[in-house]
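The letters A, B, C, D, E, F, G and H name the chains in turn, as written, and every chain counts its residues from 1.
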Amino acid sequence: MSVEEIIQKLKDKFPHSEIIIDNELPVEPFVVINALELPQICKFLRDDESLLFDTLMNLSGVDDNNATKVKDEEGNEKLEGRTLSVYYHLHSMKLDHKLALKVSVPIEKPEVESVESIWKCADWHEREAFDMYGIIFLNHPNLIRILMPYDWEEGSYPLRKDFETPEFYNGMKIPY
Amino acid sequence: MAIKTEEMVLNMGPQHPSTHGVLRLELELEGELVLNVIPHLGYLHRCFEKHCEAMTYPQVVPYTDRMDYLASMSNNLGYAITVERLLGIEIPERVEYIRVIMAELQRIASHMVALGTYGVDIGAFTPFLFLFAEREKILTIFEETCGARLLYNYIWVGGLSHDIHPDFVRKTKDFVRDFKPRITELNNLLSYNKIFVERTANIGILPADVAINYGITGPNLRASGIKWDLRKNDPYSIYDRFEFDIPVGEGLYGTTGDSWDRYYLRVLEMEQSIKIIEQAIDNIPDGDVQSAVPKRIKPPKGSIYTRVENPKGELGYFIISDGSLNPFRVKVRAPSFVNMEVFNELCKGHFVADIITILGSIDVVLGEIDR
Amino acid sequence: MLTEFGKIFVFIILAGAFVGIAIFAAMLIRPKRPSHEKDLIYECGENPEGSPWVKFNIRFYVVALIFLIFDVEIVLLFPWALVYKTFGFYGFVAGAIFLLVLFLGMAYEWRKGDLEWARPKINRLELNKLLEKKEQQVS
Amino acid sequence: MKQYFKNTFDALYTVLVGMRITFKHLFVPSVTIQYPEVKPQMPERARNRLFVNMDDCIGCDQCSRACPVNCITIETVKATPDDSPGETSQGKKKALWVTKFDIDIAKCCFCSLCVYPCPTECINMTKVYEFSEFERDNLIYNFATLTMDEVTDKQKKFEEFTAQKEAEKLAAAKAKAEKAKQDAAKKDDKPESKPE
Amino acid sequence: MGFLDTEFSDSNIVITKSEDLLNWARLSSLWQLSFGLACCAIEMMATSASHYDFDRFGVIPRPSPRQADVILISGTVTLKMATRIKRLYEQMPDPKYIISMGSCANCGGPYWEHGYHVLKGIDRVIPVDVYVPGCPPRPEALLEGLLKLQEKIRNERLRKTA
Amino acid sequence: MEVGLNHFLTVSVALFALGLYGVVTRKNAVMVLMGVELILNSANINFVAFSRFGNLGINGQIYALFVIILAAAEAAIALAIVLNIYKTFANVNIDEIKNLKE
Amino acid sequence: MYDFLVNLVGNNIVAFFIAAALPLFLFILPYALLAVLAERKVSAHMQDRLGPMRTGYHGILQTVADILKLIQKEDLRASSTDKSLFNFAPYLVFMGSFAAFAVLPFSSFFIGSSIDVGLFYFLAISSLVVAGILMGGWSSNNKYSLLGAMRSVSQIISYEIPTAVVVLTMVMITGSLNLHTISDQQTAFFWNWNILGGTLPGIAKFLLIPLMLGAFIIIFISTLAEVNRTPFDIPEAESELVAGFFTEYSGMRFAMFFLAEYANMLAVSFLITILFFGGYHSPLGYLGNTLGVEWLVPIEQFFWFASKGLIFVLIQMWLRWTLPRLRVDQLMTVCWKYLIPYSIAILLLVGLVTLI
Amino acid sequence: MELYDIIFYLFAAITIGSAIVVVNSKNIVHAAFSLLLTFFGVSGIYVLLGADFIAVVQIMVYVGGILILLLFGVMLTNRITNVDIRSGSIQVIPAIIGLAIFTAILFWTMTSTNWKSEKFELPTTTAFQIGDILLSEYVLIFELLGILLLIALIGAASIARRDKE
């Protein structure tokens, strides 16, 4: 099934949700959906007879770094609207079609529903996204750091674009 | 059990002879029985993705080498294909052929290490050295062509760093010829050995449905009986021109999807790789390998997810480009990372010794898990 | 005069002395540079969690138990094996019966599964159940 | 029961097969290269320690920019025309004094990305692989041929030169200005003179 | 107080000879802590495999640090790993040696600039005896490093250096 | 004084006394078992000593052999029981088990 | 030789101390040094490599260097170990393995002690090793050590049963427990060896041959397990338990364990030699006898004994570098479900055959 | 003093000394390991008494079997890390008094009895004798012992296994 058909199907199934196909980018279209409806849609994607997305190929967090300068009432410049996104690449082994999903959440409250219960392999991917971007996956059974040390500085997420390497870790100098 | 044995927490690794690097496993034991395995990762986290964001596109290639350092060529290939698709460029035939041969040789080399270290895990040291001696031949071939033994930086975006060495074809043919009897020897020495079979058959059975749900790919998935190989099912490069089989696990000595199947599947895959090499080696067309290498790689804005069949499984690159010289985001779907997730599930209820067996049969590379 | 056992005793003493001397010699040469970390137990470079001195698998105990009984029976069989020929067939039967009793014990253990190391099969069902439960939570 | 005997047989048989193989290998000549005595032949494309032929280097900084690791540090001083650094072997004219050309081999990842862009093919990878050191600082290789004095000298010269140039420029500018003024004056004059 | 801990103010022939003997023993039986970190570890394995054969130099891998003499830091040392390496090193009995193998162990290698999780050189944690450059160093380069280390051990003296 | 029967008997008595002391005073059931083993050993010394010095002859050694075998069987059973006690009370201290029984 | 020494020294106890020290210093230690080297060389050549090459000619001094180095190593003992037991364990292990040599007849001329229960003693004394291993493993306060010790102990004691049963079989054939007597029974040529039915008359001899072959295989396997060699080296399985029960030992104490391991290998090889392969007897008759040179015979005997024993040591090494290792439960299965039933069956059959 | 005497005193000292450790040691594992020495010493005494077979049986069964079993039992029932391992003693004083009296009586009996103490010459090896008697006079006991051991095996194993069902 092509992406358009899948979208149509999704739209039929979830009439009230915002499901946008984003193919303004030239190479690969993906579907933007709402972060909070993710599990339902994913479950539908996995279980529907004509979709059967049985594997999650990849899940990646992205720091969109798309803040725009806004002036508030007092005239101070503020950066706003920066989002973190999560991309899901799904694949159906039985029907051999693919789909990419994207959800975006504001950086102030980066909360996404976990899909760990739908595709088991999301577990570590989500932990990694949490570790690297600080995206919080709700209902994840064990959302702790995975690659970085457990005692790494709280709130310091290395793959965010504004990350700065701390000077010391456990008494060891980090920068060269 | 008459007396409830107390639970004991045993650390395996990061320095442990058989955790294949710096994996740390925290075992919850009840006597010798494993209740739970908690893998702790990140002991080799080298910030690959951060580096990508600071590099230009060609500069990323050496770093991809260092992910799955046992299969650098395949990593290069995956990255090159991804960026090429992002750029939308055509690759000369010759390059494609050489790439396929290289990737298949690399697959053999990688499987050799997997099988050899697996032997060591089970306690047989000799096969390991035999396989390493064979592997050395592949490395010599690679070295002659691109100058490095392990981390090649050979497959570039749009081409190759060097043309093949004049001796390449002959040496590869020699290798292929000599290697076949060695496979038989390996089988006799290790694969069919009763002790080995007893150690591995029916250990760590991975049923097909669980495998799919966990996103397992590569030999581990095929060992569970699913005929799924990206080279056939989602062909990239020129794999659709070659004739080869996808071996699947059959549970010859135990249940389908057990450790022995995973082990033996790699042996079979080596045979298939040889088949591909044999078909490709004589048909390398002439041409210039660097004709399509762009001077300045500046892909358009966009994102792409491309996957290739690495020796360990499906290697995916997800690249977002913002139209500048540096990638905006590179995310690697490392096969070992995903394959490792099912580990705990496989280990439950086995003995301590089986943990090693299972870990070895999954064949993980820490550089890829931690990146 | 040394008896034959005396000689064995000499051997044992000598072995002990050899170890003692070797370790003593090493003491004269080796350096001693204690540090805090050297005082720690090795556990792959991690902090040891909990003590190893916990109760271990009872299997080992059962093995020792069966061994003890067998050991004793073999002890009894040694004198028998030395002399049964002088008693002819009768002697053999006496030993054979004893052996059969031994074998009976073993057969019993075998049947009862005391010779196995219990290994629960990997519970696939449980895994699936787990998955299902998770799904229900989601929906 | 049958299985029982089969197991016994299998075990013994496969063990014997394995033993035969290892026994055969006992008489296979070993493949070992006895390293310090016998040194393996490096392939011609071997990628080991970097070498820079400073005679050819024009200090274009291409290699440094291509390096993903940033382990090449190049500092250059523009040559003054009277003190030209000469030509490369291919006859390219050098315009820069390379005052510093350090490669930190300890950081290098031997990817050889620096070799390709070099316009004069003066940086290349050699076959030398034995260069371990007791001190890490010894692994920073300085290729620049100039001594400290020369460097300062060149810098001074360049500064002088620039200063001179500046001065010249200034002078020129001044002259120009003057000239312009004069011209203007002339212009001014001209109409004056024109009627003459 | 063992012989190796004493510092002789002057050296006589007995001391020098026994020093030489002990040094010879130490240098020709360097047991290595079997321990691999990253890509360099593969080359280390290749070094112990048939083609290069570490065993020729008397190097055999020992899994326990208690029985090891030399620790080969073969690969990238991350911050998470550094403390463990330090502990492993400390748990080895004296006299002990370290070979730092590969760019990463020397100074962070290709990761020195952006590697927020990479220790820039193992010498920040433990004292290194020999630095073997390369990425990865060829097995021969590693062997050469080993020879260098042997050289160093051969020249070790108990005598107090003025 | 040449070493004779009495010397061996003295050792045996001492061992017996120590074994008894262990049985009486130790709290831990396994320790009690060790005391019992000591007592059995002391008895064995007696048997063997008498077989040497008395008129027991080779019979004395046979008895000793039987005692050893019985000791083995006893140890096996007793330890099994101790394990069972432990299983039920999570304790092998005899006095505490007495309390637990009610 | 013993008498000679008595004459020389004048006191028989001192003489025997020397006589006992002789095998230790003239045979066991050089053997252990050579065996370790041989192990490395054999394994190397099996794996197409060379093994130690750089200490002495083709590395013959390698083990000497190893020992000299181990002497220099610091003796580490973590503070939470049980100090006294930790220190005592190497003594026990080494004593146990060395004491076994006391009853082995190296030649008709040199026998440490020819006690009449020699064979039985040989089996019994290994329990000292067991206790030592348990002691070392437990006192180390290390999980790997303890697990390794547990496994090791249960493995050794389990495999003691098939060993003992086969030994029992041999006792039935030879009617003696004295190793010296057993060796002497198999005198003259190799068809008198027990593996070929011994000196039994007529048809019984031929009936015995297959049984003896079976018995030999069983005892070889079980002694292999008793000395913790591959495929039964799970107690020190590197890939699981780091180094087994001596994980925490360093320096000279570790060397003692190491030495004991190789001494054990040799001891069981000798046992097999004596039981099945004629002990110190030459398979082909003696040069000394034919030449009429009396003093040559014992030397020849010693040579045959040592070489037969070393052949088995070599086979043990050969196996080690060929086979993977078993798992702990399989180990028990092999012992209890295969070796013991087979050995008991052989015992009964032999009993019947000898009565013919 | 003859060598025989010295060795006797040595073994007697080993035996009794280690037995004292066994009954007094606070650490149960230490106690068990001292038991090893006791058994060893007793075995030496057997040798001095000319019972070589029994001596070896002593080592084989006690050291190789019972001791290991005891140790396993100890390790199975004790949390050795905490104070539990230090198994205390009870009623020490009354026990000592009672025992002293008891021992005195025993000792008195022993010394006052006029044992018929001639040295009974034993053959150099006792194993044959034991075998002979075992198969003639005691053959019934021999078989009974087999059955006893069978019962012990079954009993012990099933007790140890009990709650598996």
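General observations
Everything below uses one rule, namely that a contact is a pair of C-beta atoms (placed from the backbone, for glycine too) under 8 Å apart; a residue touches a chain by one contact, two chains touch by 3 or more.
All values reported here derive from a predicted model rather than from experimental measurement.
Pairs D-G and C-G differ in how many C-beta pairs touch across them, and the larger number is found at C-G. With centres defined by CA atoms alone, the chain at the far end from chain C is D. Averaged C-alpha coordinates give centres for chain A and chain H that are 72 Å from one another. Averaged Cα coordinates give chain A a centre that lies 45 Å from the centre of chain E. Rounded to a whole number, the gap between the C-alpha centres of chain F and chain G is 34 angstrom.
Under the contact definition stated at the top, the residues of chain H that touch 2 or more other chains are 52-53, 57, 60-61, 64-66, 68-69, 73, 75-77, 127, 130, 134, 145, 149, 152-153, 156-157, 160-163.
Looking at chain E, one finds that residues 4, 22, 34, 49-51, 53, 56, 63-66, 80, 84, 88, 91, 93-95, 107-108, 110, 112-113, 116-117, 135, 138 touch two or more other chains. Among the residues of chain B, those in touch with two or more other chains are 1-3, 8, 10, 14-17, 32, 42, 45, 47, 50, 62-63, 65-66, 126, 129-130, 133, 136, 151, 189-190, 193, 195, 210, 213, 351, 370. Residue ranges of chain E in contact with chain G, taken from their complex: 4, 21-22, 24-26, 28-29, 34, 49-51, 53, 55-58, 60, 62-64, 66-67, 69, 91, 93-95. Listed in rising order, the residues of chain G touching chain B in the complex are 43, 46-49, 143, 147, 230-231, 233-234, 237-242, 321-330. On the chain C side of its complex with chain F, the touching residues are 58, 61, 65, 68-69, 71-72, 75-76. On chain E, the positions that touch chain D within their shared complex are 50-53, 56, 103, 106-110, 112-113, 121, 123, 128-135, 137-141, 143-145, 147-148, 152. By the touch rule above, chain H contacts chain C in their complex via residues 7, 44, 47, 52-53, 55, 57, 60-61, 64-66, 68-69, 72-73, 75-77, 79-81, 127-128, 130-132, 134-136, 139, 142-143, 145-147, 149-150, 152-154, 156-158, 160-161.
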